[in-house]
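Could you have a look at this structure, given as structure tokens, before my questions?
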Amino acid sequence: MGHETISQIVVSALLANNFVLAMFLGLCPFLGVSGKLDTAFPMGVATTFVMLVASLCAYGLNLLLSAFHLEFLRLIAYIVVIASAVLLVEMVLKKYSPALFRALGIYLPLITTNCAVLGVALFQTAREYDFLQSMAFSFGGGAGFTLALVLMASVRERLQLSDIPGVAQGTALSLMLAGILSLAFMGFAGMGG
Amino acid sequence: MTAQVPVVEATPTTSMIKTLGIVATVCGLIIVGAYQGTYSAVAANKKIAIERAVFKVIPGSKNISEFYAMPNGIAPAAGETPPGAVKFYAAYDANDRLTGVAAEAGAKGYADVVRILYGYSQDCRCIIGIGVVSMRETPGIGDKILTDRQFLANFTALDVKLNADLSALANAVKTVKHGTKSHAWEVEAISGATVTSKAVGKGINDSAQSLLPKLVPQIEKLRSRQS
Amino acid sequence: MTLPGQQEQKLSMDTFLEGLWRQNPTFVMVLGMCPTLAVTVSAVNALTMGLATTIVLVFSCWLISLLRKLVPKEVRIATYIVIIATFVTAVDYLIQAVSLALYDALGAFIQLIVVNCIILGRAEAHASKHPPLVALTNALGMGAGFTIGLFALGAVREILGSGSLFGLSLFGADFQPWVVMILPPGGFFVLGAWLLLFAWWKRRKGGRALIAEGQHHGA
């Protein structure tokens, strides 16, 4: 259904259908990297960049594969493209910002296995978005991912100064937090068309 | 004592290419094998699903045939959808007589696209039933479109007759607030589930406006089933 | 490639059991979260997803283990991903052939199995270093553990959120379901609750062990 306008798509992917809090994509880095604001934000930006590249390539690849009736190669083609995009980002970061590269550490190559990135490619194909819609979708999705990450990191940083029962520390707490954030974001439902 | 640094050899390029080639071939064979092996089962499943859906919206049907409606005529569906064509299903009873026509419609609801199948009967120039194909609306609120009897009653005789020159619907299908329905072409929304109700109405309107002007002038050709 | 000194693991019961409890992917390693929370709105969906992931896990680890001496280490991640994607594509078609209803329910998350951290993690950490039978057994255990985790989540969410289990209504028509449980926040809450339960249980066990030790020393 390609009837959605660009702004509808962006707002929807950013808020109402937030990739992390509503669609459950990108959870591993969300739970893993959201400990500190300083790493959360750059991670979000790096992931958004990879999403944009992946979306672009997926759109082109889909046209190519459909023309030759090779749809069954779609998944492999997408994932290879994503892996390459991540390698590209790694090289660029290593060269221009080595400190950031070290700070992100193992989580940078893990963007390859971030469901959100592959999810962007798969969803835009399933919804048959055209080029501009795909770009808007990946931008909105990446921004939404970054937003969720930043929100989570801010809260968790504050929590480090609080007195939490030992039983609840760690992932259980992050999940409860994520649930509350998700509940809050449900208030955006219906926005954007 | 000199420490011995273990020498790690980089893999020569030819063996890398050889291995990648083997892996690619094996994977390719597996994918193609799976695709071919499941092709007929998947096609059969899809056919059964469509038949079940069409029989539900056009009662009394026993067989269906797929067609494309285009500005210049109707053609049996085969291969890719030509641009500007609208796909529909013609349903026939046990005597191979046309019972109605079914088509898909969709519009964005609360969470995602709400996809429905609706049945149209030329005898009454109206929609006689709908079935929800897929939706992700809020359980307990939006998903009432599946069960709310009053809402579903909207679609037992929804007026979709064409205007005088057969170019569009005489009256566009519109979703109105609960309790304010006054015309046969209006859809009364479910109280508290307006967004989802509007999606159904909009989807039907969009599809009918696109399909019926192309289909109705030619519908007599479909009256009896050609095998 | 085995490092000097590291033995290739012998096949044992522990190879299988490891994934079930001690290193349970869902509750201990907290991996593969995306499908865990997304598809566990009902017990049937959860089991299907668990089964699909297990199939991909088992076949991928087996093939990767078979090829482990051939794959050059520079391209190993890329190779593993391609192999995993192959089996995911195959399972995708298989599910479509078995039941279109299930396929629609699971949606894009079948194809997202390819980026499930469990599979790549297992391939890298285990399958690439052990013989095929060992890798296969371990993968089977991991998959079973993952399926159990998914089921635990799916069952609770379905019971609370729809008042049913496996589609069979449990509480009758008057039951007011706790709808949030089958919506996204519910997924987070239920998994968080399970982890809380396990953490509490572990502390109790640890506490008891400390008390027992104290008594032993004191006596």
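Note that the chains take the letters A, B and C in the order they are written out, and that residue 1 is the start of every chain.
In this section, contacts are C-beta pairs under 8 Å (C-beta built on N, C-alpha and C of every residue); 3 or more make two chains touch, one makes a residue touch a chain.
Because the structure is predicted, anything quoted here is derived from the model rather than measured.
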Grouped by touching, with chain B left out, the other chains give one piece
Between A-C and A-B, which chain pair is linked by more C-beta pairs in contact?
A-C
Indicate the whole-number Å distance between the mean C-alpha point of chain B and the mean C-alpha point of chain C.
34
Round to the nearest whole Å and give the separation of the Cα centres of chain A and chain C.
22
Based only on mean CA positions, could you tell me how far chain A sits from chain B in angstrom?
30
Shared-interface residues of chain C (touching two or more other chains) are 82, 85-86, 89, 93, 183
Where chain A touches two or more other chains at once, the residues are 72, 76
List, in ascending order, every residue of chain B touching at least 2 other chains.
27, 31, 35, 138
Okay, in this complex, where on chain C does chain B touch?
63, 67, 70-75, 79, 82-83, 85-87, 89-90, 93-94, 96-100, 104, 161-162, 177, 179, 182-183
So, in the complex, the side of chain B touching chain A is made of residues 27, 31-32, 35, 106-108, 110-113, 138, 195
Sites on chain C touched by chain A in the complex:
30-35, 37-38, 77-78, 81-82, 85-86, 88-89, 92-93, 108, 111-112, 114-117, 120, 180, 183-189, 191-193, 195-196, 199-200, 203
Chain A - residues contacting chain C, complex
21-28, 31, 72, 75-76, 79-80, 83, 109-110, 112-115, 117-119, 122-123, 126, 166-176, 178-180, 182-183, 186
For the chain A and chain B complex, residues of the former touching the latter
1, 3-4, 17, 72-73, 76, 127, 189-190, 193
